[in-house]
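One structure is given below, encoded as structure tokens.
Read from first to last, the chains carry the letters A, B, C, D, E, F, G, H, I and J; within each, the first residue is number 1.
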Amino acid sequence: MSEFLYDRPRPDLLETFENPYPARDYEITHVAPEFTSVCPKTGHPDFGTLTLRYLPTEQCVELKSLKLYYQSFRNHGAFYEAVTNQIADELIRLLKPKELELEANWTPRGGLHSVIRVTHTA
Amino acid sequence: MSEFLYDRPRPDLLETFENPYPARDYEITHVAPEFTSVCPKTGHPDFGTLTLRYLPTEQCVELKSLKLYYQSFRNHGAFYEAVTNQIADELIRLLKPKELELEANWTPRGGLHSVIRVTHTA
Amino acid sequence: MSEFLYDRPRPDLLETFENPYPARDYEITHVAPEFTSVCPKTGHPDFGTLTLRYLPTEQCVELKSLKLYYQSFRNHGAFYEAVTNQIADELIRLLKPKELELEANWTPRGGLHSVIRVTHTA
Amino acid sequence: MSEFLYDRPRPDLLETFENPYPARDYEITHVAPEFTSVCPKTGHPDFGTLTLRYLPTEQCVELKSLKLYYQSFRNHGAFYEAVTNQIADELIRLLKPKELELEANWTPRGGLHSVIRVTHTA
Amino acid sequence: MSEFLYDRPRPDLLETFENPYPARDYEITHVAPEFTSVCPKTGHPDFGTLTLRYLPTEQCVELKSLKLYYQSFRNHGAFYEAVTNQIADELIRLLKPKELELEANWTPRGGLHSVIRVTHTA
Amino acid sequence: MSEFLYDRPRPDLLETFENPYPARDYEITHVAPEFTSVCPKTGHPDFGTLTLRYLPTEQCVELKSLKLYYQSFRNHGAFYEAVTNQIADELIRLLKPKELELEANWTPRGGLHSVIRVTHTA
Amino acid sequence: MSEFLYDRPRPDLLETFENPYPARDYEITHVAPEFTSVCPKTGHPDFGTLTLRYLPTEQCVELKSLKLYYQSFRNHGAFYEAVTNQIADELIRLLKPKELELEANWTPRGGLHSVIRVTHTA
Amino acid sequence: MSEFLYDRPRPDLLETFENPYPARDYEITHVAPEFTSVCPKTGHPDFGTLTLRYLPTEQCVELKSLKLYYQSFRNHGAFYEAVTNQIADELIRLLKPKELELEANWTPRGGLHSVIRVTHTA
Amino acid sequence: MSEFLYDRPRPDLLETFENPYPARDYEITHVAPEFTSVCPKTGHPDFGTLTLRYLPTEQCVELKSLKLYYQSFRNHGAFYEAVTNQIADELIRLLKPKELELEANWTPRGGLHSVIRVTHTA
Amino acid sequence: MSEFLYDRPRPDLLETFENPYPARDYEITHVAPEFTSVCPKTGHPDFGTLTLRYLPTEQCVELKSLKLYYQSFRNHGAFYEAVTNQIADELIRLLKPKELELEANWTPRGGLHSVIRVTHTA
């Protein structure tokens, strides 16, 4: 199996770089339409779009490391609500943003289409 | 007849799991475009889309159990207004959400298209 | 001529059923895109979409009876303004709703397209 | 009841005028999106769009008379297939066209949407 | 359980009426977007749109009876391929059409969306 | 009446200019979405779009004169079929084109929408 | 790791059922918009939509087993061209179809968007 | 007047470069949506889109020179038909293409919208 | 290599002209859909659309100089967040605008699509 | 400057892999919407979308190497016609395809939008 594939979330892969303009409030948005994890109840894969929006303070998340962190959920089993909050928590801990919103928009399973939205203000 | 099909609503099928992040307010939406029940007056099937949106407190509804609960209305006869309120009631009782909204959007019958919307705040 | 066709409006056809959840405020919408009556001046048929939205108190209007009531205008001659207000009046008298809105959106006649909207608050 | 409304089809209302350019082949199309008749089985009204296309020989159908003829089906009960063919027959008899096509596109009834298409070549 | 719901297909419900214009070839199309049956493997409901197109000979299928026949599959378990062919067979036997096409377009199950198309020429 | 308004079609207003490239076949299209004339039966105005397409031989129609010619139908009463053929005839006589097509697409009158298409080949 | 996830393609998971109507030619299409495998060069996941269309002979592919077979590529590394042909080959061997077409439409990688299409006739 | 503005078409501005692949047939298209000239009758500006498509032989037209040539019509008065043919002629003389098509699509003037299309084959 | 290509940002290329109407507040927007720079981590090019909106005080940015300034990032390596803020800073320093907003909308990299938005008020 | 950026086209970067299914004809398409090179006349950057479609024989082009090859034109100056043919030539030489088509669709320059299309058959 490829070295890029993991069986558990790898927050240790996340890297930051120093916010190049900490004196100014500005908004960063990263949209990831190819997120996938596994349903803990059925073992079948889930697919969704993660939209992360935040106002940085001292650190910004490095984009490639964010991609690798998202990829590390590929074979991980967890409910939608847990996955979304776990990622939000990790990014809040890492970035200490002024504001952060994470919305996970999941493709239909069993005819149901779900959206989980977490909002955080420092 | 299949074991998955019922002739009466089965709220006992609903399962919850512990809200993994009870300390945080976040929003959960489940859209079910394949809901069907039976018109109590004509005996003909009705079809609609149920959109559930809520802010959890201690429990979240498990998605597959929600699907099975919705499926249990398949051969049940009730007016649109009763079905929508009955489901809202059951979910409010089960989840004790901070807020909950349930909108049922029914396909046309006799040339009329109906929408029922229930809103609840704790 | 069919027993379903009438030459005058038939409010006596309207039926109600007991609001199954009177303790809760919720919104009911019925959209009827196939309403037709007759222009009293030219004798030509008019066509329109009736959108009824209301908050019930003790009674809800039964859907099939609403359809039959609407159908009873088929050969009735009245101006747009009169038809829309007459139907709103009848439903307000019958349902005693907290709020009710009726919008009639008429297809073009002589190149003019008309909309009549009636709003009622208890 | 208005003098414009009838309880049976009135082909006698159809009028023609002399084709002003019989020496030339040309195509005439009339689209009528507000046709309505009655279902002979349920007594409920049916709604549809009639699209007539023909190549005239010596006569053309006068537009207002076509509208009145269509309106005369308003309270007439007949199956989709019969209505469409009956109108096509009447127009073929009246106009003796080189070619004629009549398509009736009906709005949904009981969840089914139907289209009947008749084609005639002299 | 309502008298309109069945646990097996009911071809005996199908009715025909005499083709009012047997001397002429014309095309009849009925689109049914609310077909539902049951997956024989999982017991879960399937949903789809059936599009029937045919050229009649001596008989036409009556629309309400077609609706009831389609409804009778509501609690019946069968693969997509079998359901589509079974309905096509029944209608071919009943109508002896010059041509008939039946396309079943199923909503996604497990992330897969399927279409089955049967074509028949006399 | 203003000098710009006419009570009869004025083909004498049409002007041509010498085809600057008679040695070559090329195609000219003029679309006029603001044509208006009068219904000879009701006296009400009709509106339509005229699309003229032709291959010139020795003469081309001058655009402003074409506009004035079209404007001269403003208070003229004639059936759709007659207007369309009359204009086609006038332009064929004037231009002697290799090919010419004129399509008149009329806005709805009494709920009917009509299209007349004339095609000519030298 | 879930029992549903594999590190190599599992054609042994494919199941067939007997074609219920072998005497008739008909067309089966399955669209899978959530296919994912791994790039053998970078180790990063690839995502695509597989569209399978075939005319069955004696066997049809069972839908759930097709889903599981597709899922078994989740952690498998192979070029687009190889994956698409390998799946086509397996299905041709299994189903011996009269005709089969498989199109894989891949989401962009490094700014490039690719489509591979395989066509087979018996 | 600015050195960039001309009062007459300047074919002398056109430059070519040697076709880099004369051994192969390939197609070149240049779309110029900002062409403008002057109506010789009213003095008002005309605007249009010129679409040039050709198969080169030994020379290709240099893009910037084509732009300047087009710009040189800015204050030139000529009918649509003349402008389009004049440009086509100039390019045919210059490029000696295997095939060339020039379509001029003019914005509405006095309510009329015109298209002139010239096709040339060597 | 062309004199127009640079390996570092060239703010010295930016030119301004005097605001011709400093007494009035008005809004200026420049949209540049062809911005490109280089990812400092992977060395691969990035592409995006820069939307600049500002209210001028005494100076406006000259459009061609803005284009050249943007082009000077072509071979420059920097994170999205740094590029966007650096350009905003330079323009704020140069123009001293009442308000300025710069939004950079980047095309997908590794399946992630990013937007950086900087807002400044004097 | 990054090691990924070049000042001349680098066909030596192209890699192939053995066609995994040489016995079968199938179609491969790669769409690259982020191609950029430099205008040899003005020194300004050009942007375009390259669409490559081919039927492989013994070799397929490896996707990442194709991306790097395309990137190597980033600072290279050449006319549209030359760039498109040069890339087509290189790929024809490398892949010896049964058929190959390359279309380059360039964004507007000086108000002109160009498309170059090369087609090759073995």
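To be clear about the criterion, a residue touches a chain if its C-beta (ideal position, glycine included) is under 8 Å from a C-beta of that chain, and two chains touch if they have at least 3 such contacts.
The structure presented is a predicted model; accordingly, all values stated were derived computationally and were not measured.
Chains making contact with chain B as well as with chain H: none in this assembly. Steps from chain D to chain I, taking the shortest chain of touch contacts, total 3.
Annotation: the chain C:chain D pair of sequence copies touches via predominantly the same residues, more than half of the used numbers being shared.
Each chain gets a centre from the mean of its Cα atoms; for chain E and chain H, those two points are 58 Å apart.
Chain E and chain I have centres, each the mean of its CA atoms, that are 60 Å apart. With centres taken as mean Cα positions, chain G sits 50 Å from chain D.
Under the contact definition stated at the top, the residues of chain C that touch 2 or more other chains are 34, 44, 47, 107.
If each chain is drawn as a node and touching chains are joined, the picture fits none of the line, ring, star or complete shapes.
By the definition given earlier, chain contacts exist for A-B, A-E, A-G, A-I, B-C, B-D, B-E, C-D, C-F, D-E, D-F, E-G, F-H, G-I, G-J, H-J, I-J.
Interface of chain J with chain I (complex): residues 1-5, 7, 33-34, 36, 38, 42-45, 47, 71, 74-75, 77, 107.
Residues 17, 19-21, 24-34, 56, 60, 62-64, 66-67 of chain A are the ones that touch chain I when the two sit in their complex. Interface residues of chain A, counted against chain E in their complex, comprise 44, 47, 107-108, 110-111. Of all residues in chain D, only 41-42, 79-82, 84-86, 89, 109-120 touch chain E in the complex they form.
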